[in-house]
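There are two complexes below, and they share chain A, which is joined by chain B in the first and by chain C in the second.
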Partner chain A sequence: MAMEAYQAQFAAHLPKAGPAWLADLRQAAAARFSAAGLPDRKVEEWRYTNLKPVQEQLFALDTAPVGDTPPALLQDSHRLVFSNGVLQGSADDLPDGVRLAGMAETMAENPGLLAGHMGKLAQGQELPLPALNQALSRDGYVLAIDPGISVSRPIEILFLSDGGASYPRNLILAGAGAQATVVEHYLGLGGGGYFINAVTEVEAAAGAKLQRYKIQQDASGSSHIATLAGQLQDGARLENFDLNLGGQLVRSEIHMALQGVGAEAALNGVYLLRGKQHCDNAIQMDHAVGATNSQQDYRGILDDHAHAVFQGKITVRPDAQGIEGHQLNKTLLLSDEAEIDSKPELQILADDVKCSHGATAGELDETGLFYLRSRGIPEDEARQLLMTAFISETLAKIDSDAVRGIMERLVGEWMAA
Partner chain B sequence: MLEIKGLHADVDGKEILKGIDLSIGEGEVHAIMGPNGSGKSTLSYVLSGRDGYDVTAGTITYRGRDLSELSIEERAAEGIFLGFQYPVELPGVSSTTFLKTALNAVRRQRGQDELDAVQFMKRLRVHTKALNISDDMLRRGVNVGFSGGEKKRNEILQMALLEPHFAVLDETDSGLDIDALKVVAEGVNALRGPKRSMLVITHYQRLLDYIVPDYVHVLAHGRIARSGGKELALELEEKGYGAFVSGTEAA
Partner chain C sequence: MSYTSETADQVSSIAGDKYKYGFVTDIDTELAPKGLNEDIIRFISAKKEEPEWLLEWRLRAYRRWLQMEEPSWAKVEYPEIDFQDAYYYAAPKSKEDGPKSLDEVDPELLRTYEKLGIPLHEQQMLAGVAVDAVFDSVSVATTFRKELAKAGVIFCPISEAVREHPELVQKYLGSVVPYSDNFYATLNSAVFTDGSFVYIPKGVRCPMELSTYFRINQANTGQFERTLIVADEGSYVSYLEGCTAPQRDENQLHAAVVELVLLDDAEIKYSTVQNWYPGDENGNGGIYNFVTKRAACRGRNSKVSWTQVETGSAVTWKYPSCILQGDNSIGEFYSVAITNNLQQADTGTKMIHIGENTSSTIIAKGISAGRSQSTYRGLVRMQPGAKGGRNYTQCDSLLIGDKCGAHTVPYIENRNRTAQIEHEATTAKISEDQLFYCRQRGLSDEEALSMIVNGFCKQVLQELPMEFAVEAQKLVGISLEGSAG
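This part shows the complex of A and B:
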């Protein structure tokens, strides 16, 4: 699409609500995206993922809400439900010092909370999809936790979709020493060919501890693009886990900055794909200062004609001494037509560091399968045992017992399907 | 119990077994000895039904049934057990889960009720105690980080749990020092009985001092070159395989 065509579309669709600074943010983002357009495969970061299928869907806004809301994944959670990108209802029983509300609602009632934070991390010329999200987003969730507050119940956000294009814009602000567990659950109804382009920005002040778990079960014909941009201050820790099960065209992008001494990020994920599913995990880990730690462990199982991509880059800045950064990507290929492109990358500019990366891809171990079957275990069950074993080491890294249980159940259901 | 007639088998299109005849009765323990490359392991894999080990001629009749009709897991359920020369490591599959899944899969196929966790643990304890298998081993991934002796004891544990009618023990002595060998041999001997037959495959006579066979066969070039009683093993020890195997160096 030409720049003029984009400009015309944005002129018709840019939301008007909110303060002047937000209008400026939207205008600037629309201008950036109009100039750049959707990235094509000549752009290195998008070499393996073709966005052409979503071109016609970008401005399919104003979709009616989805019908019935399914039950929550977690028991006893603070829950928000978004229907085709728009909040329905509100969360109740929030403890003092915790705000969990819709982005649209927050813009209207308390825009000062967002100023200087929204768009701070997911910005820049190299991020056209977050720019598109910034321009068109109408809603999302805001979680702001005062310093020292620990949210004891988990927070569950459901993004329920069945059509159109939606642009959830989410912001997590954790004060010093604050703690919370957040599950973002993307769930599709029907076979729908809808498009989601979500952004979650996370700012964790000194000593904050966050667990953010994403469960992606979008509809089989949908396109799901999500960007997580985070910044961790001194001693802050983020555990992020990405379970990708749904969608036809999926891209999950993470930009994580370890900004303070002692900051730590564990970014792990599992992708289970079949049919013609495509899932691209692209991670940029930035060790901006010394004595910071990061781990990445992504594992996947691909069947049929599925295609997965893992692009992970660890950058260690010149003065970031004494850091540790590890990255691992392992993929099991169940079919000759399935494909994984794994591209680990290290850019190390400091000299006192411990870094590692590794990538493997292979078939299910034939010898292991024979061993199990020779003990009487039927072939299907033996295959599932080996697949579960392959994924289990990564799932074991999930700190929350309740969430790990849910993920194990969903993984088991995928294998039995 | 087991009747092998004129058995020929290929691996990757290459003929390894070239006409084997062997008959094993109820409760009998037969030893197969032979130099490297004679086809000993191939015979064990053919009996267990491993993919890629193709029977090209001959028959294997097991308890009146044609074995070729049965899949690997069906053979296990029918009571055929293979003790591996190199037990396979399965990282991420806990030993306890593996043993319980296997036992219940076999019980299901045999038309028996599955055991719940308590019943299973009770049964497991009896065998782990006798075989000196620690709780730590049971918690670990199957065979992961096990010593050579631990791996072989774990094989015997599986055999004890699955209660086979016919056990093939493929070079159970390989990689074991004399103390470990004694523990494993005691485990095997404890499982001998009038309803359980065994085929003990070994390169060395040493194992047969501890697991004393009823019959000994020498396998060479994919055929049984000679059969006899247990004294045949001693003769082999003395003279080497060269006396039985033309064109093959004694190993």
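This part shows the complex of A and C:
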């Protein structure tokens, strides 16, 4: 079926109202996706991930809401719940200067808030999946924080899915000096077979401090593709953490631009895979100006036939002096059939830089195991201890105590399973 | 003036006259007509008196090449190459069929090699290095052949090997780099004109270092040499390769193929000092160095070691690789790549671990100065059967001046639980502290720079055979001349 036909099919469910520029944006994005199509493995950024399996899932519209909503992960949070991509209810008790609402609602009632921001960062010919999202997104969340406002309670967004294809479109606008913690939780019910293609755009003005944590527990048969596109101005800081546990075919893409002096990004993540799970973390870190810092630490454990991919690229633009950029990827292989493909890349066009990357791949350290066993710890327990220690080094980088606690619990559950 | 701004000024004032091999030898040359077609290939094949099978192989390669596209994934930029606007065969005219001994070699040619520091007269030779000198499309002289023959070692131009040892050539030619391998290797398979052939018999430790010296002299020619080294069971050879070309405003293409075959317990040490003309400070002229080098460790316990010092060429595209098929085989890659002015280098290695307990080491040092771009691109792959495989990779980049670029693109693929891969990379500039320390002790800026860079490269340079190591150290200094404040 041609793109037009799918658009027509989705059109019935897209937010009706909205200004002309929004319709134009959708139309242009649809044209971009039609022209580019799904990237195949000949495209360098996709050489390790085959999107063929999702081809059939892209346009399977499912509007039925999911059943019961599980309890929140965090206590005392502002919470939004999406059911197969559509917002249910609303957030309450929001402090002054903070707007947290559904994207569909914002498009209809307050499109001015989105103008000039939506589609600004997740753009371009090389991003056909965000284009498809732009064309077909029905809903998502918008978080806009006025300058100087600090949101004391965490914000929790639950994306609950059990069928169809959904295209969550999210936007975070943090004013100068604003602060917030956002948890995006993707949770699947049932066996899966559904498709998610999410986009989150983040703009942090000077001095803003954002923590964004993503916990992905989609159903075992589902496909999950997510793109985070961010831009940080002078002195802004973003901490992003990606915990990937679920899904059959997962791609988590990050495009981060350090646009202002003193901007800093810490992009970390953990992937724990078994069965035939495939998880691809693709990160582009762009040091657009001097005196900016970035760190990446991604670790994972692979069992059975799992396949993980890490592609991290640090770019330092010409004349962007005084840069520090570090990148680390470590993977443990537990089975003979698991595979890790790692491509940590540096592209440096300025000279006053300190950039490094490191990557390791292999099985558990035999000497560590021997040490523990020689002290009377059974082998299984020793293995778990070592694996936990391995992952903990990355988890320790999470600033929020509450979120770190949740992630530690989830990691522990994975190990015990 | 601060170090950095001085550097920029100095770099911009570097003149091409730093390249001391830029002269042209005036010598009578026989050229095939310009351009590339099946007739040219037949002409080359006939000139070399090749058997039918080789001509067929060349033609198959040519037909395949016509359907191929030039690769564009490397981080190098250059104007489109007109493959029809070059000579594919250039040979110094010899009065008779060819020199039978050095006395018959054109004295002008001998003088050329003397200027290059490669005296071909045996009595003037550094003890213990046998040289095969390749001038444009043909090998003009090979020294120490008798001594080598005593040990059973075959070292001769590949065109001669085709005639004298067809069974060996037919068995191994194209077995490591098939004619359909990649755009440049396929072109080479179609039009290669000469190169060296080495066969080390079972259990023989080659009594001396072998060396090939490549020289492009004729204008508008491409050089397409093909080197094949076969190390039979339990043998050892150390092989050196050096290259230079005259200073010209137009670009010249050099697309070589090197194939190494190692059987059980064999070892090959392959060293390159690549100093093709790099072009002038504005990026005019220089050699396009598009080379395919690959070693197949077929036997158990075989070991191959690539060491390269890449200082020349306008554009370098080169990935000496190791296929570690035999159990316990070892691959090593030591590389220094220095780029200055507008040079571009995209180089690295591939380590394909197939057999059990195979191990590989990669040490790559990139130094960028001027407005140059240097890229390390490498692949380490552990196949499912590479039980106990080990890899250690370290690639460091040093930036001199703020207009150059250094890039690192490693691919790490592990499909075996018991295999361990470690990769480290850093990028930084020469620190002011180090420079200050050296200057404070009375070294000039240039000496300080050369010393620091040589220290940065030491891990690699010490892998070179002694004679080459000295030359390489000097070359490091020369290549960076004018980069210091």
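Going forward, the second predicted complex is superposed on the first by the 399 of 417 C-alpha atoms of A that agree within 3 Å, B and C clash if a C-alpha of one lies under 4 Å from a C-alpha of the other, contacts with A are read in each partner's own complex, and residues count from 1 in each chain.
Following the convention adopted for this analysis, a contact is a pair of C-beta atoms (placed from the backbone, for glycine too) under 8 Å apart; a residue touches a chain by one contact, two chains touch by 3 or more.
These figures come from a predicted structure and were not determined experimentally.
Upon superposition of the two complexes on chain A, no clash is found between chain B and chain C, which fit side by side. The partner of chain A that touches more of its residues, comparing chain B with chain C, is C. Of the two partner chains placed around the shared chain by superposition, chain B is the only one that A:370 touches, whereas chain C remains out of contact.
Residue contacts after overlaying the shared chain place A:390 against chain B, while chain C stays out of touching range.
In the superposed model, A:90 makes contact with neither chain B nor chain C.
Of the two partner chains, neither chain B nor chain C is touched by A:152.
Note on the composite model: angle chain B-chain A-chain C, taken at the C-alpha centres, equals 70°, rounded to the nearest 10.
Once chain A of one complex is fitted onto chain A of the other, the partner contacts of A:381 are limited to chain B, with no touch recorded for chain C. Touch criterion met: A:358 reaches chain C, while chain B stays clear of it. Of the two partner chains placed by superposition, A:55 touches none, neither chain B nor chain C.
Shortest separation of chain B and chain C in the overlay equals 14 Å (C-alpha atoms, whole Å).
Considering their complex, residues 4, 73, 384, 397, 399-429 of chain C touch chain A. Contacts from chain A toward chain C in the complex involve residues 44, 318-319, 321, 331, 333-363. Those residues of chain A lying in contact with chain B across their complex are 365-368, 370-379, 381-382, 385-386, 388-390, 392-393.
Per the touch definition, chain B reaches chain A in the complex via residues 48, 50-51, 71-73, 75-77, 81-82, 84, 87-88, 90-93, 97-98, 101-102, 105-106, 109, 141, 158, 162.
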